[in-house]
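By letter and in written order, the chains are A, B, C and D; residue numbering begins at 1 in each of them.
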Amino acid sequence: MKKIAVLTSGGDAPGMNAAIRAVVRKAAYHGIEVVGINHGYEGFINGSIEPLDLGSVGGIIQRGGTKLYSARCLKFKEDAVQEQGIAKMREANVEGLVVIGGDGSYRGAMALVKKGFPVVGVPGTIDNDVPGTEYTIGFDTALNTVVESIDKIRDTATSHENSFIVEVMGRDAGDIALWAGLAAGAETVLIPEEEYNLDEIIARLERGATRSKKHSIIIVAEGVMAGSELAKLIKDKAGIETRVSVLGHIQRGGSPTARDRVLASRFGAHAVELLMEGKSGRAVGIRNHQLIDYDMTEAFEKHHESDVGLYTLMKELSI
Amino acid sequence: MKKIAVLTSGGDAPGMNAAIRAVVRKAAYHGIEVVGINHGYEGFINGSIEPLDLGSVGGIIQRGGTKLYSARCLKFKEDAVQEQGIAKMREANVEGLVVIGGDGSYRGAMALVKKGFPVVGVPGTIDNDVPGTEYTIGFDTALNTVVESIDKIRDTATSHENSFIVEVMGRDAGDIALWAGLAAGAETVLIPEEEYNLDEIIARLERGATRSKKHSIIIVAEGVMAGSELAKLIKDKAGIETRVSVLGHIQRGGSPTARDRVLASRFGAHAVELLMEGKSGRAVGIRNHQLIDYDMTEAFEKHHESDVGLYTLMKELSI
Amino acid sequence: MKKIAVLTSGGDAPGMNAAIRAVVRKAAYHGIEVVGINHGYEGFINGSIEPLDLGSVGGIIQRGGTKLYSARCLKFKEDAVQEQGIAKMREANVEGLVVIGGDGSYRGAMALVKKGFPVVGVPGTIDNDVPGTEYTIGFDTALNTVVESIDKIRDTATSHENSFIVEVMGRDAGDIALWAGLAAGAETVLIPEEEYNLDEIIARLERGATRSKKHSIIIVAEGVMAGSELAKLIKDKAGIETRVSVLGHIQRGGSPTARDRVLASRFGAHAVELLMEGKSGRAVGIRNHQLIDYDMTEAFEKHHESDVGLYTLMKELSI
Amino acid sequence: MKKIAVLTSGGDAPGMNAAIRAVVRKAAYHGIEVVGINHGYEGFINGSIEPLDLGSVGGIIQRGGTKLYSARCLKFKEDAVQEQGIAKMREANVEGLVVIGGDGSYRGAMALVKKGFPVVGVPGTIDNDVPGTEYTIGFDTALNTVVESIDKIRDTATSHENSFIVEVMGRDAGDIALWAGLAAGAETVLIPEEEYNLDEIIARLERGATRSKKHSIIIVAEGVMAGSELAKLIKDKAGIETRVSVLGHIQRGGSPTARDRVLASRFGAHAVELLMEGKSGRAVGIRNHQLIDYDMTEAFEKHHESDVGLYTLMKELSI
């Protein structure tokens, strides 16, 4: 393999730039050229590429977002369009592709794989919801952003003895909410993977109020319901006022944490190794603390599972 | 003066603890005792006090919120209630009071002053909207929180080439929005003190789109309208999609910046000096870079004005 | 088991408070009382204890340092002194102990175990050098502090085109240096576990100088040599000037990262479970991403090993 | 004026990029072209320029360091060399220059002014030691970096009940040390502008030790003496052990604070206005909270003075 391409797809995640950098540097180490594809699959089908050398990835390891831009590309589902993209790549002598993104991006990647174009996937999404890997690039940074935000909210919650509902990202996966709940010492966490019990939530709020602790933090993953909706449910059933804070898009940005930069570097470099070994349709991941690769299909056919042990611990510690 | 009290009132602001600490330490330096009043005027009328010594204010200079709690107290408007509070204080040999809060808190303070109880005001509010002083405690911290958040939002805005509307605090005052706009390099800022022009906002968005810069940040102070409302106006008139982020309560919390801690320390110490000099009904402030004191009435009778020079600069730099 | 104690020992690490909190809350969940022992083994032998309830561990999850203080205790090596401590504990009806600290602290703990007093160890040290566990409490926070510091140093290194040597903690273990090197994109990392080659370091510096990149970051773990010593070696051999920055004690402090808080919470809770199960002489750890417990002796008899894969990756990416 | 140049000189400071951006954008607003000069006066004499447009200064407002690089240039003192530089600039149709740097950089600027080349100075240095302006670009960021570092050191100082000496930047000016002392609640501060008293420092350490507070933070500006030297003096005279932390180069870097970005934006834009008005040999500054300009000579002929009021306050609050 003499020349490979790299693109980022789906929602951006802090650490994507570190992964791009690792792809370029690892490839350079082995004398392989790299081109960057802009705007995800959109750029793939248009052949919108630029050469990436050591200089192009200088000073990006600490930057949030993705220098290759990301975009959704609806028409990429069409066979003809995929073939057009592959043709463009072959024209440019690109022999393999690293796709950095979530499980949705893997689905697109597998279409290329089936058409004979070698692709390796790197899990990049703040939601930590790619089946088959314990962590994804961006999760650690997003988690710390959420925890730092809740630390701030707790300042004002304590000062005014208010209770707060904090809505965090996570449409199908509760990892951000659950980990943040543990790390920020929240009283209650609602995640998509577990049933919630409104009476229990209210009981907890009331228990706090009768003890010295008059403030309470409830974290709800957006996939369960909106924070404002939960506030209404609580108000209607128990007459308790809560304030709502929707953390929103700050969760996607920021300079990646050390952990995310290391993970991204390992994943990016491993993806290049896999392409060099002639592998395709594989996703890199971390399992049992070991760098692994596995069938990319697994990532979008299986379901992400939350860590039941953490959920139980959360409940016990928020006694 | 042998014994004074301190309370925090209104919305909490980072740096209030640093001000409390300065009151206690400056008083200790002069051999004056200090008691803390919990829950603002609520505690004043109930005589809910606790002695504060050097040890009680150890390790709080870097903490957000207020260790004395803050609360609104509607019944404090009544004459009888105010007199009851003064009686409680006199009973406890408290001879003067430092009130840390916004202009609303000053109003309550003046009622006590008129009844012969010495009070000095310290401006503590993130909104920077207390007339008579260039800065209030908490503004610098809130501003930095907003700017760091917008830096994060810009990461994802750039990566996806989206435009964002960021709603920040400021019901009557645009200082947070305006300063954050300058500091974060926003394209447009809407503040309560200045008329906005929807056509101009849209023209700016479209101009960006035709240049290489495809993302844009619009900051709107909550006092102008909700971020979601602005997004709708833009969508309806020009068909342009924007995403909305409401920063909310994270703006109130966090460890105070160096600037806020120094300002709070100076204000707190100066308030003690004023009480020692037998002054009452005075507010401390900073004007022309100098520590000053002025008639507290000024703070709630005049209107806060935004810095027209900054607003003009903002417009010129966001060309 | 009705009553247990907890102490922190050795160098303090961010997240120790989160572990203390988890011990108290997990115990409370099971109806077990907890006392805190101040000043490590010093307090153990003096019976310097205080009851810890839910209120005592409120608002500490985000605090650096340890609320139970830490200290070295030389005379704890003596048999009589250990027995005196055990007697004090039994007097106070304490039936078991959780020790949070490094492998040195485990050695002391094993002495108590051998005398029949149940102890469970929790690995708390920024160095990540406790054999038997993949991570220790505090490592992630220290790592992020180092990486953020190097990001800052790189700003000035780039602006002035200087090369910097950054000395970080790690007497016997290079984990901080190695991970920070990967995460900060350093050009060279020197760790105690691997031989360094001065000629190679110099060649790298010169290679950078001939390319467009005129600055370079070298990270050296204190266990290899002092930063100033390395600067002298380079100056003497190649005549190249470097600047030295010793990060020092800032690496021990700061609010723990989300990862450290979660790890600390899991470890603390698991330690309580082990004591409840009647186990003693066990250390908690994380291995293959799973919470485990193992013979505490292993932690101080084996040697910590660095991750060879990471070291190789570091070298390849800093091409 | 149709075309101007901008350069950064001396030690780099966070916010220099924001100032460069403001120069370019303000000039663009008025239809003036801008070129950037790389490597300070070195680039000036070599005519090392590059055009700067809106795109070139995109995304730099939040970056530390200076994208134009900075360097010392010894030969710039020579008349012939200065004239060579002016000739190069005139050749490139550059009609005026904005110099961002400290008072040393102003000295070079005045040489150009005397030779008829219009220059306006912008104070950029973390030391806050440019006479004639209350604040310089970079001071606020450096100050916050120092305060956050001391907050971390205090964690470990408290946990181990140690005393720490923290050496900070400031060869001739004590502003960083003094403000940081107030903001971090240090027990003692040594600045170049004020005599220190070793007996008093020791008395303070001993007083702390007899009270419950067993740790202490002493801040020393490098211009007074090295931290290690102070530690030796204390050890020799009183036998008290202290630990030393030298903050070093992390003080120069980092994303600028909101305050520094706003100040830099105002300064940069004002410098362009002055050049447009045909002014030369002027420095921009902030005095009495107002943007001003003054004779640049004042900046290097006068001495920076520390704020006596702050120093007194520091002493009183660290009772």
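As a convention for this text, a contact is a pair of C-beta atoms (placed from the backbone, for glycine too) under 8 Å apart; a residue touches a chain by one contact, two chains touch by 3 or more.
Protein names from UniProt, one per chain: A, B, C, D = ATP-dependent 6-phosphofructokinase.
Just so it is clear, the structure is predicted and the values come from calculations on it, not from any experiment.
> Would you mind checking which chain's C-alpha centre is most distant from the centre of subunit A?
The chain farthest from subunit A, judged by C-alpha centres, is D.
> Can you check whether subunit B and subunit D touch via the same residue numbers (shared by over half) or via different ones?
Counting shared over all numbers used gives more than one half: same.
> Between subunit A and subunit D, what's the gap in Å when you average each chain's C-alpha atoms?
39
> Distance from the CA centroid of subunit B to that of subunit D, rounded to the nearest Å?
28
> Distance-wise, how many Å sit between the C-alpha centres of subunit A and subunit B, to the nearest whole number?
From the centre of subunit A to the centre of subunit B is 35 Å.
> Provide the list of subunit B residues touching at least two other chains, using ranges where the numbers run on.
Where subunit B meets two or more other chains at a single residue, that happens at 151, 154, 158.
> If you go through all the chains, which pairs of them touch?
Once each pair is checked, the touching ones are A-B, A-C, B-D, C-D.
> Inside the complex, what are the residues of subunit C that reach subunit A?
21-22, 25-26, 28-29, 54-55, 58-59, 61-62, 134, 140, 143-144, 146-147, 151, 154, 158, 179-180, 182-185, 211-213, 255, 257-259, 261-262, 265-266, 269, 287-291, 309-310, 313, 316-319
> List the residues on subunit B that touch subunit A in their complex, please.
8, 11-12, 14, 16, 63-66, 69-71, 145, 149, 151-156, 158-161, 164, 243-250, 252-254
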